[in-house]
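The letters A, B, C, D, E, F and G name the chains in turn, as written, and every chain counts its residues from 1.
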Amino acid sequence: MMPSQQGYDRAITVFSPDGRLYQVEYAIETVKRGALAVGVRTKNGVVIAVEEKSRKLQIITTPQKIFQIDYHIGAAAAGYIPDARVQVDDARYFSQSNKLTYDEPVEVETVAKHLADQSHQFTQYSGVRPFGVALIIAGVDRKGTKIFVTDPSGTYIPYTAVAIGGNSDEVTDFLEKNYKNGMSMDETMSLAIAAINLKSDEKDVKHIRMSKIRTDTKLFEKVSSEELAKHAQAEGASSNKST
Amino acid sequence: MMPSQQGYDRAITVFSPDGRLYQVEYAIETVKRGALAVGVRTKNGVVIAVEEKSRKLQIITTPQKIFQIDYHIGAAAAGYIPDARVQVDDARYFSQSNKLTYDEPVEVETVAKHLADQSHQFTQYSGVRPFGVALIIAGVDRKGTKIFVTDPSGTYIPYTAVAIGGNSDEVTDFLEKNYKNGMSMDETMSLAIAAINLKSDEKDVKHIRMSKIRTDTKLFEKVSSEELAKHAQAEGASSNKST
Amino acid sequence: MMPSQQGYDRAITVFSPDGRLYQVEYAIETVKRGALAVGVRTKNGVVIAVEEKSRKLQIITTPQKIFQIDYHIGAAAAGYIPDARVQVDDARYFSQSNKLTYDEPVEVETVAKHLADQSHQFTQYSGVRPFGVALIIAGVDRKGTKIFVTDPSGTYIPYTAVAIGGNSDEVTDFLEKNYKNGMSMDETMSLAIAAINLKSDEKDVKHIRMSKIRTDTKLFEKVSSEELAKHAQAEGASSNKST
Amino acid sequence: MMPSQQGYDRAITVFSPDGRLYQVEYAIETVKRGALAVGVRTKNGVVIAVEEKSRKLQIITTPQKIFQIDYHIGAAAAGYIPDARVQVDDARYFSQSNKLTYDEPVEVETVAKHLADQSHQFTQYSGVRPFGVALIIAGVDRKGTKIFVTDPSGTYIPYTAVAIGGNSDEVTDFLEKNYKNGMSMDETMSLAIAAINLKSDEKDVKHIRMSKIRTDTKLFEKVSSEELAKHAQAEGASSNKST
Amino acid sequence: MMPSQQGYDRAITVFSPDGRLYQVEYAIETVKRGALAVGVRTKNGVVIAVEEKSRKLQIITTPQKIFQIDYHIGAAAAGYIPDARVQVDDARYFSQSNKLTYDEPVEVETVAKHLADQSHQFTQYSGVRPFGVALIIAGVDRKGTKIFVTDPSGTYIPYTAVAIGGNSDEVTDFLEKNYKNGMSMDETMSLAIAAINLKSDEKDVKHIRMSKIRTDTKLFEKVSSEELAKHAQAEGASSNKST
Amino acid sequence: MMPSQQGYDRAITVFSPDGRLYQVEYAIETVKRGALAVGVRTKNGVVIAVEEKSRKLQIITTPQKIFQIDYHIGAAAAGYIPDARVQVDDARYFSQSNKLTYDEPVEVETVAKHLADQSHQFTQYSGVRPFGVALIIAGVDRKGTKIFVTDPSGTYIPYTAVAIGGNSDEVTDFLEKNYKNGMSMDETMSLAIAAINLKSDEKDVKHIRMSKIRTDTKLFEKVSSEELAKHAQAEGASSNKST
Amino acid sequence: MMPSQQGYDRAITVFSPDGRLYQVEYAIETVKRGALAVGVRTKNGVVIAVEEKSRKLQIITTPQKIFQIDYHIGAAAAGYIPDARVQVDDARYFSQSNKLTYDEPVEVETVAKHLADQSHQFTQYSGVRPFGVALIIAGVDRKGTKIFVTDPSGTYIPYTAVAIGGNSDEVTDFLEKNYKNGMSMDETMSLAIAAINLKSDEKDVKHIRMSKIRTDTKLFEKVSSEELAKHAQAEGASSNKST
């Protein structure tokens, strides 16, 4: 948490004397306070995963932080989750509308840019606050597997593997060290589990939600608890990851 | 009650330096100051109940905190009740409009998502305050029995059994310990009464309002004082609940 | 009067850290500063009465705090009276419009809900202040005799007998102790006079304005000074009220 | 003058903790700072009068504080006079429009209610200030002679005789003591002059402007300086007024 | 200059506790800071004059503070002159539009009232500041010679002779002492020059701009420097004015 | 620079207690902080010139502070130059539109008044700041050669020779002393160069941009560096200017 | 970083007492905090380059700070990059629309002026903040090679070679010393690399992104890493640049 900044940080559309937009920086702080989310892509597909803890009688079949945007695109969120839901809803309409207009599936980058533009608008005009969420937009389109990160400032950046939310810097370091070109989907899922668990108090997979999109099917699929447990074991077995 | 936060908590659309939206957190505090409301679902139906005290000459046939949304959906509220009434009115229009458009009863989740989206809008735009109420949306649709909780932040989360309002954490613990799969509707109602009375000063049922929707009829019904009293006795007789 | 609350109480659409809407609470304080108003219903009709002091040359044939809304509905106000006049005007249009649409007299609860919804809007949006008035809406419709109280927060609650305004808590206590089922209209009017005078400096009826609606005629009637004086005597004669 | 009230008195649509609308009270203070205006009605007509001092070369044939609204209605103002002019202009249009719609002269109460409703709007919505003026609306219509007082809060109250502006409480007391039923128009004018001069530094009629509407003609007439002087003498001759 | 008033004087539409509109009073202060302007009318015509100092290479054939509104109406301004220009432009359109509608020259009072109404609007609504200028509206219409003064508060008052701007109180005193009924146009112009020079550092006429409208021609005419000089001499010769 | 004025200077549409509009005065301060600009007219034409320093690799063929408005009108700016560009763009549209409507070239004064009116609007309404620029509008129309100065307050004043921006008072003094009726265009250009260089650190013409409009051609022409240098020499040769 | 300026710097449309627009100056500070960008033009084409550091698994084929606007125009940005993206998107629409209207490629200056006008609007109206970015707009049109710089104040200035962002003053000095007329495209690219590396911690080309537009093709081309490395070597070999 940053110390208060003499009032420049309270009005949304105001620069501070050193040229900073504090409201945007604070919204990014909201992202850092959120639980971890990771995305990894290989030649064979993309994997997104989040840490998500629930009450005992909460129904977890519909995860709160992983969303399907189109049949070939998904998103994982870190930060203020109601903002994520609203942005994802918007992205769903955008994708369908794009499909109707051009008669082909929307590209992943087009969706990421659309959401980044929307986030940007909320940093320049008064009467609104910035979105308090970062999203990993992941999918497979005719250009291959794609992962983009959007954040409250309105940027969107393509990655091969990335983490957002709490401890994202360390986890991204971990991904950079352990990512290998040509990993299989199974290895990719194991890596994502290891990334989530790197800084987590819990070391099993009950607190993990994961989805994947394979290059051959181009279909968003939920990864079941059983599959998660299997990959966690695989990951544990070969646990010689660099940290 | 939280201490004042240097002015970040007064303007609605502003993040604090540590990335929090104080106005939303304060609205959630309004919910915690409200009286308790619980919702429990079983295979056979859903039950919602609230604590509601009245003046002697107040007419209690129309409860203030339990609402019928559609013939198969009800809601229980905790927090600033006029906000609940407005959201429920909106949900009623939404349900009827949905029925007219798709010619089938609206799903419970669709209603919950609609209200959560509405709550979210009131956290992002200026000129309004957030809604100061949480709602348990309960119903029976073609997917079975459903319970969702919406709150001022704009989230909606599915539960099997849950409490909102004052002491909701302890009461939800109590529900988690005593909920059993396959409970009959009678057992479910007894559990709800026990949950309301767990932290209440009063131990009878005069201060309890309850409604239920059975899976076979799919019809919202008010539970009469007589029925309440009967289940309270049943509950007292077998009062070996875990706390 | 409550002490100032560190600025949370100045902007209308803002929650305080403990989840309160001070502007609404202050508007309710306006009601408490107002003169007393009471409403009592029996099987045979409803009675509303207010305390209203005037300058010597003021013309009192048109009371300031009792209003006719429709031929079968009236209202008594406590608090900021110009707000009451505006709400009553609105209720008159609403009643006539309802009559034209459905070709039957509007129900009392429909009017009360309409005014409560209107009051609620003024608590959630900026650019306005809440209404500073509570109203007793009383009438006779096809469901029988009805009394509702609306207040600045946007609630409406049905009562058999109730007081609003200054000392309303003690006077409602008094009504609860002395209300009897099956009272005649004459006894009801005597009870209302006793209620008004319970905490008043004056003990005659010069400062009381009263109207009644009988179940058989369903017509709003002003109670004359003569009739008031007669019931006051009756009330004095049998003055064994519980306090 | 009241002391400053910790900021509750600066924003128009805000209640203070004790339930007061300071901006409205301050606007009423503007009225009290204004020069005195009085209105008296008898069976035979109505009289309005104001205290109005002028520079030597100012042209006084058109008074600044007495206005004709319709041929049978006039107004006297105390407070911020440009506000009075705007409200009177509005009342003139309203009267003509009423005449065109219903083909009969507007009633005095209808005009008073219209202006009070307008004043009320300016107390509830932001972006405006309340009107800083009180008006005595006086006239003769098919119901007889009528006098109403409107003020910044949005109330309108009927009187037989009343004073507004500086020292209005003492002068209203004086009117209450000296008003007699069945006074002739001449006696009424003398009483009005005595009322104006009760607290004035000047004791002649140079600083008085007066208009009257007689029941038989129903026509607004300016009272000439000569007529004023004559009634002042009459008033002086029989100066046994109670004070 | 008045001392600061605890914040009541910064927001336009706010009354102070003692019922004052500080923004309007400050705008009137702007008028007092302006250079002097005078207006005098006689049976034979009206004269307006202002004090106006210029740089050496400024072109003075078009004065900055005297304006022609219609062929028979002119205006002299004191205060914030760009506001005067805007009001005069508006008055020109208004006069032409009036001519087109009624097919006769607009009356001087109609123009003065129009400008006063406009000034008033700027004192009641937020988002604007009051006009910071007073105007002497002078002209000859079918009712004779007329002079009105409008000011930032929205009043308009008819005068025979008047001064606005710096030292206007003393100069109006001077005019009241020296004005004589039946003065010729020449005497009137001499009086106006004497009035301007009463408190001025300069005693010739280089700093004076003057216009006149004669009753016989009803035409706005600029008074040339030569004519000014001639009347100044005349004025000096007979300089037995009372001060 | 003026000291801060207790908050009256921060909100645009607010008068200070002594009747000043600080925001307008501060905008005029912006003009004084700008580089010098001068305008001089003779019978034979008008000349405008500015001081404009550039980086070495900046392209100076399009000057930043001298603009062509129409083929016969130009402008020189001092202050916040982006504001000048916007006002000049507006003036270009205005001139063309005027030409289309009246089928003759717009007059210089018409353009100056248009820009002054626009500047005035930005001093009276909220939601904008005043323009921070003064303009010398110079041209030749059917009335001859014309120079007007517009400034942030909304005034426009005709001059024969004038300076705006930094040190404009001294330079205008200089112009008043050295301006001679009947100067040739060459002498006029030499005078303008001398005026710019009076207070400048540099004494050559590299930092000077100049344009002229001759009475015979009525065409806006840029004065080339060579021509500037020639006149500077001429000016140096006969450098017996009064200061 | 500048020290805080007593509140003048927080509201966008407000001048400070010394005539400065702090919000605009702070936005320019944002530019200075950004990474360096340079633009250089020769007879044969234009080159733009930026410093852009990335995470290891970030995909760098689409640079974040260099944009293609039209087939013959590109842009390099320094400052708040999401603002740059939005301005560039706008410029793309503008260019296409211009092409459709006039049926010829838009000129580089037309695009620069359009963006500067847009930036200016955001400095004068409330409800928005200024753009926090400077852009080098570079291209080849029928007038030859062109480079313009736009900044948050709304200016646009043509250059032959220029740097924006961090250390731009030193780097522009460096360009001014080392720029030579008649440089080949290869020499130009080497100069741009040297300019970026002048103040950079890194001395190779991994952190440099570059694009060029050749006069003969008039086509925006990305410069590949290989080509960059080659020119860096060339630059190193002949590293006798003046600093």
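Convention: contacts are C-beta pairs under 8 Å (C-beta built on N, C-alpha and C of every residue); 3 or more make two chains touch, one makes a residue touch a chain.
The structure presented is a predicted model; accordingly, all values stated were derived computationally and were not measured.
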*Cα superposition of subunit C onto subunit D: how big is the rotation, rounded to the nearest 5°?*
50
*At the interface of subunit D with subunit E, does the proportion of residue numbers present on both copies reach over half, so same, or stay under half, so different?*
different
*Can you check how far apart subunit A and subunit C are, centre to centre, with Cα atoms defining each centre and the answer in Å?*
56
*asked:* Can you work out the whole-Å distance between the CA centroids of subunit A and subunit B?
replied: 31
*Which subunit F residues reach two or more other chains?*
11-12, 126-127
*Going round the ring from subunit F and on to subunit G first, in what order do the chains come?*
F, G, A, B, C, D, E
_Touching residues of subunit D toward subunit E in the complex: what are they?_
1-5, 9-12, 22-23, 26-33, 55-59, 62, 64, 79-83, 85-86, 89, 122, 126-130, 132
_So in the complex, the part of subunit D that touches subunit C is made up of which residues?_
6-8, 11-21, 116-117, 119-120, 123-127, 153-155, 157-162, 172, 175-176, 179
